[in-house]
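Okay, so subunit A shows up in both of these, paired with subunit B first and subunit C after.
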Partner chain A sequence: MSRLARPNLRAETTASRLAGLTLPQGGAWLRAARGGALARVEALGLPQRRDEYWRFTDPTTLTAPDPTPAAPMNDDEGPAFAEVGALRLVFVDGRFDPQASDADAVEGLEIERLSDAATRDLHWAQGLYGTLEAEGQKPVARPLAALNTAFAGDGVLIRVTGVVERPVHIVYRHDSTTSDAILHHVVKLEPGARLTLLESGPAAARFNKVTEVEVADGATFHHVRTQGRDRERRAATHIFARLGERSDFRSFTLTFNGVLTRNEVVLNLTGDDAIAHVAGAAVGDGDFHHDDTVFVTHGAESCESRQVFKKVLRNGATGVFQGKILVKPGAQKTDGYQLSQALLLDERSQFLAKPELEIYADDVKCSHGSTAGALDETAMFYLRSRGVPERDAKDLLTLAFLQEALQEIADERLAQDLSRRLEGWLSRRR
Partner chain B sequence: MLEIRNLHVELEEGAKPILKGLDLSVGAGQVHAIMGPNGSGKSTLSYVLSGRDGYVVTEGSAHLGDIDLLALEPEERAAAGLFLAFQYPVEIPGVGNMTFLRTALNAQRKARGEAEVSSGDFLKLVRQKAASLKIDAEMLKRPVNVGFSGGEKKRNEILQMAVLEPRMCILDETDSGLDVDAMRLVADGVNALRDEGRAFLVITHYQRLLDHITPDVVHIMADGRIIKTGGPELALEVEHNGYADILAEAQ
Partner chain C sequence: MTRDTMEGFTMAALDSRTEAPVMEVRPDVLDERENALEVREGVDEATVAAVASLGAYKYGFQTDIETEYAPKGVNPDIVRLISEKNNEPQWMTDWRLKAFERWTQMEEVDWAMLDLPDIDFQDQYYYARPKSMAMKPKSLDEVDPKLLDTYKKLGIPLKEQEILAGVERPEGERRVAVDAVFDSVSVGTTFKAELAKAGVIFCSISEAIREHPELVRKYLGSVVPPSDNFYATLNSAVFSDGSFVYIPPGVRCPMELSTYFRINAENTGQFERTLIIADKGSYVSYLEGCTAPKRDVAQLHAAVVEIIAEEDAEVKYSTVQNWFPGDADGRGGIYNFVTKRADCRGDRSKVQWTQVETGSAITWKYPSCILRGNESQGEFYSIAITNNHQQADTGTKMIHLGKNTRSRIVSKGISAGQAQNTYRGLVSMHPKATNSRNYTQCDSLLIGDKCGAHTVPYIEVRNNSSRVEHEATTSKVDEDQLFYCRSRGVGEEEAVALVVNGFCKEVLQVLPMEFMVEAQQLVAISLEGSVG
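On to the complex of A and B.
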């Protein structure tokens, strides 16, 4: 019976989720992309627990018709990245807040809301919106991303034509206990262009976000985000990026709290000599479940990719890492590196890791390492013997463990900002 | 200063007795050396005094002044003025040496109800102490003991001692792995700290270190007890004749 029932379950889940959604209005260019995405969702069906790609993370609450209520938490810390003078774009429960956002013109930067761009018949984002997501559906299906492309009513479209020093900061506030936000961003960096994109905040009770990034030849895209502190929030995010020749892509994510977070990063290195670094630090306790799923495809020569993920888990928290490096035939001189480590602060916490390398070229350098361990007792004693109290010693070693991931952030100011937030978080969570 | 009475200690695992009724009394301003064959319990003594896990005190007492050391957590013992220079200083990747030192100093001061040291004053203090130990700024910037040579690690221990200014310093085989020059630097560092209010317990295998740090009292330890106590000449006797005679005499 169960054998027959299972395909129905997927169809049922998909149908009941879709029943509660309506395709947003939009111009021709967007209508086509959304229609295509809807067809993908219907064909793929929404993820099920028994899917291999969701083995370690239960997607039920992400695919349910309604979000599980999540109380917004009073933010007892200052806003992230406050000191870098970024151009701020604020979304509250997935709705753009023009009053709270900056509207300054910045040279080399074109920013538009998706909902505004939607009314046009032609747009530069045509050919990108939903395209990178669609490409990213192979070899592994990502139906939540297709759902997003179909139903996202808003988001930002950013075109970068020059070297932009001022970072763009998308702030996601969470006010409503039952908000269900779907946002879709597209970033296009023209050849030689440069942008730092920051993101912060819990966003909504349930958040589905897709960011598609085209990094043209010689362009640089730096991305640093911190996912907010609300304990009960749930998030499924996807980044799809296509990297041209000599392009430089860096993405770092700091996550603390959130009952469920699944961050997927899908990178396609299509031009020679491209560099892609993806890193993350996550700290959580209790019912915290954090999943980093990364898929890097080397499709060109002499590219470098690097994944560094660190998680600190306590009081029964769960950390997941699924990381894959695929080296296509002909992608010679590939340099691929992957590291995933968990610090388990008690025996109830767990780390589930699935590192994968799939290599079809013969002149490549690829390595991966995955470890899970407890705090070093010798180091604890050493610190305490110098007068550092046990709790401080734990925090010090915890921060030290995460340092390797934080070091992946190229901008020192941003790294320090996140480092301070982590310190504050650790001291408050004792 | 340090009063140890009839101390009995077992390894937590397997209940193996290591210290079997150790008595030791170190007065303020004094330097005591403990020598003894491998496995006599010298390092265990240093760990038990500083509060490391894995040992069970079954009998006896250890006091620093009027403070019952054995009732305190390791950090409380440190704040009370106890310091152990490790035989194998621990590498801590990701924690900068300066952060470590400053955290330790301020934690101790806080525990004693003293004001924290400002970063400016701290920097000055460390630079001055580091210079006399020939520890360069580069070494201070690195993570604690990571990539340090054996000699650098031991000098770093003495630097910590100089900055934290404990009143009871235990040096556990601080001379092991040191060349002659490094040993002199370490000894000079220790000698600079000698004063009437501070005592040292120097655990060593060799007379060499005691040429540079002249002890007031030398103890020979075997099978978990002090079996002989004398002046500096006792160390020379061990150097020439080994432990065999002393062990035989004790039995």
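On to the complex of A and C.
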């Protein structure tokens, strides 16, 4: 009986969400991509509470016609990654702010707004925009990403042709209580190119973001983001990346607060000897709900993938990890690793995990580990016996627990910046 | 049983094919096998045929026996007929009919990593009984010798007299009471009288429904409710027989109990129901074995096992599942959809599931523990081996509800040929299950580049005083270990078997002695033809 009711519910949710959106105008190249994506959304339908892929996270507020109001927070910590002199691109509630953004020319780097590029008939992003997202719909559907491709109002298109030392920093600001932002970025790294992309800030009351990244043969892409401290915000983000031979992809995300964050990372290792590291640390309390969903597909030989996710949960917070390593037939010599750990600081917090391996090649080395529990009593006792006050000891052990994830960040300065923010977050909760 | 006697039996059967239990030799299969083999000069065809027919599956013979079938298909009339054949009281018939009603509203589940064939549930026989069993034999002496012979050839002794006389029994040998289920009926249960002296009830479930209705009514469906899942609901409607065990308070069952399931009839599904009740402070170790003849057409097996462990009770349930796995090309085999669940109701109760899954074309099975009592414990040890075109999606659920509960999961999956092997498990720590622990270890081994090994664990931790640890690895057979064995003159297949047995060691060693030996041999046999 309930089985019959569900498809209708999905159709209704999808129809009422689509009713509130209009396809943005654009040139021929973008029109086709948006049309295809809209067809995907209509065919797939938006996610439902009972979908297996949303088992641990309720998508209702992400698919509702209107965002749940969320008050912006006055962030007194100062901008993230201020010390690295990055090229800043600023979005306020999903709208580009040219005044606040840098417009300097950087060698080897082409940056264009999606809304500008949209007016043209042909664009280098044509083969990528919506393409990696579409490929990422199998074997698991990600309808929110297709919705994004169809309706994204803006975003940046970044093409990297050489080794770019200066990082690009996309800064998101949340200003309006009812903002509902949909942004879509495309990053293309030509063979041998190199870029560090930084992202920071809470973006909007509700934020739907897709980033498509093509890392060509021998290219290196480093990505570090921090998702802001606004408590009531909701976000669904997707990264779709295609990795060529000997390419190097690293992504790290630090999440503070937020009543709902779903970060999906979909990596496709298509060239031999590619490396993909994706890591994250999340800390939250109360109604915090954080979901890391990662899908790594090994489609080539001798590739290495590594996932390290750590969560600190307190006062009834919820942490979710769904990670999957898929090794396709022929992807021999694969080295796949996955670690998900949660520290539960009170008895009401919970950790829900589904770390999956699906392997169709025999000469592989794949492993995963997942743990959940309270602070180690022995370690606490040790610190207390040496005169460390209980609160300090707790913070020390909590930071040490998160440090393992922070170590995944290659750039020391960025890691230190995030580490300081973590300390600040903990000290404010004393 | 040793492998040698089994081979001896098979050879004998080949020589005298007209005798009653006929070893099926399918010429078409043999031809293909021959073509695949590179026959050296000097090896005659008869030898090749004999070797091929030995194959990997040693229990593929069929017993030629007159069998009565209920009409094909399933409907309320068939449900009533099964109930009538078992002389069941009205409440049981009603219970079944209600389950059937539910089943008609349910759909097959598709979440497992299995390529499920379309099963026509109306194109099956739901009840098949050897004709000689129409009048229930009063003792084993009255059982059709052909049936007894079948079990003898399977290595299952149904003769308790000799053993009881003590003549042939060496000092200290462990005795095992057996309930033998052949197609839809139980043909006999050994050592009943001796067990009764200890207060233990061990009989077929159909007998228990008649003789001990108060126990059956209290416990049947209390762990696996009739509406639990598609296959369990079907089982609730049409189960024909199975075993019933009741261990009274404080009794340590004087011997191991076992049920041996044999499917013989064609196009027949086997639906058995096992109910084990361990009352306060009791202990029982229970073994289950299963085999079926080689056939081209797949057969359905949907069983339900319910275990209730009261305060301080302990149950060990060990299975060596060796249903016919289908031939090398994936034809035939048993589709095995089993719901096994233990309810650790009482404080300090303990249930241990151990399974060695080598057979079946499809295995869908998740023996689980509901850890309701405080300080209750659940353990799951599993070896699942898939070769050729076999598919297995198996694992466990450990549901921690009580305080200070413990669970341990050790799963070893081995995949060879074109097989797919999935571990699927759930560890759930409820908010009130404080100070609980789980440790899970899932290892997968791949032999060959055409098979798959998958791990799908669900971990739900809803309190912070509990600790959950999960580890999983996937790798291939260690080249160094293989090389070491080979350099010492061990043949390649034997070396693989040795390494795999080492890989499974943690599970093998928790099996009861008889099963351990058999399981080690099964590991080797199941992987025959997977290397080289």
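Quick note on the criterion: the second predicted complex is superposed on the first by the 429 of 430 C-alpha atoms of A that agree within 3 Å, B and C clash if a C-alpha of one lies under 4 Å from a C-alpha of the other, contacts with A are read in each partner's own complex, and residues count from 1 in each chain.
Here, a residue touches a chain if its C-beta (ideal position, glycine included) is under 8 Å from a C-beta of that chain, and two chains touch if they have at least 3 such contacts.
Here the structure is a predicted model, which means the values were calculated and not measured.
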First (subunit B), second (subunit C), both or neither touched by A:110: neither
First (subunit B), second (subunit C), both or neither touched by A:348: second
Most subunit A residues touched (candidates subunit B, subunit C): C
Touching partner for A:12 - first (subunit B), second (subunit C), both, neither: neither
Partner chain in contact with A:361 - subunit B first, subunit C second, else both or neither: second
Which superposed partner A:372 touches (first subunit B, second subunit C, both, neither): second
Which of subunit B and subunit C A:332 touches, first, second, both or neither: second
First, second, both or neither for A:165, with subunit B first and subunit C second: neither
Which of subunit B and subunit C A:385 touches, first, second, both or neither: first
Contact residues common to both interfaces of subunit A (with subunit B and with subunit C): none
Subunit C-touching residues of subunit A, taken from the complex the two chains share: 1, 3, 52, 329-330, 332, 342, 344-374
Subunit A residues within the subunit B interface of the complex: 376-379, 381-390, 392-393, 396-397, 399-404
Footprint of subunit A on subunit B - complex, ascending: 50-53, 73-75, 77-79, 83-84, 86, 89-90, 92-95, 99-100, 103-105, 107-108, 111, 143, 160, 164
Residues of subunit C that touch subunit A when the two form their complex: 105, 107, 111, 113, 431, 434, 444, 446-476
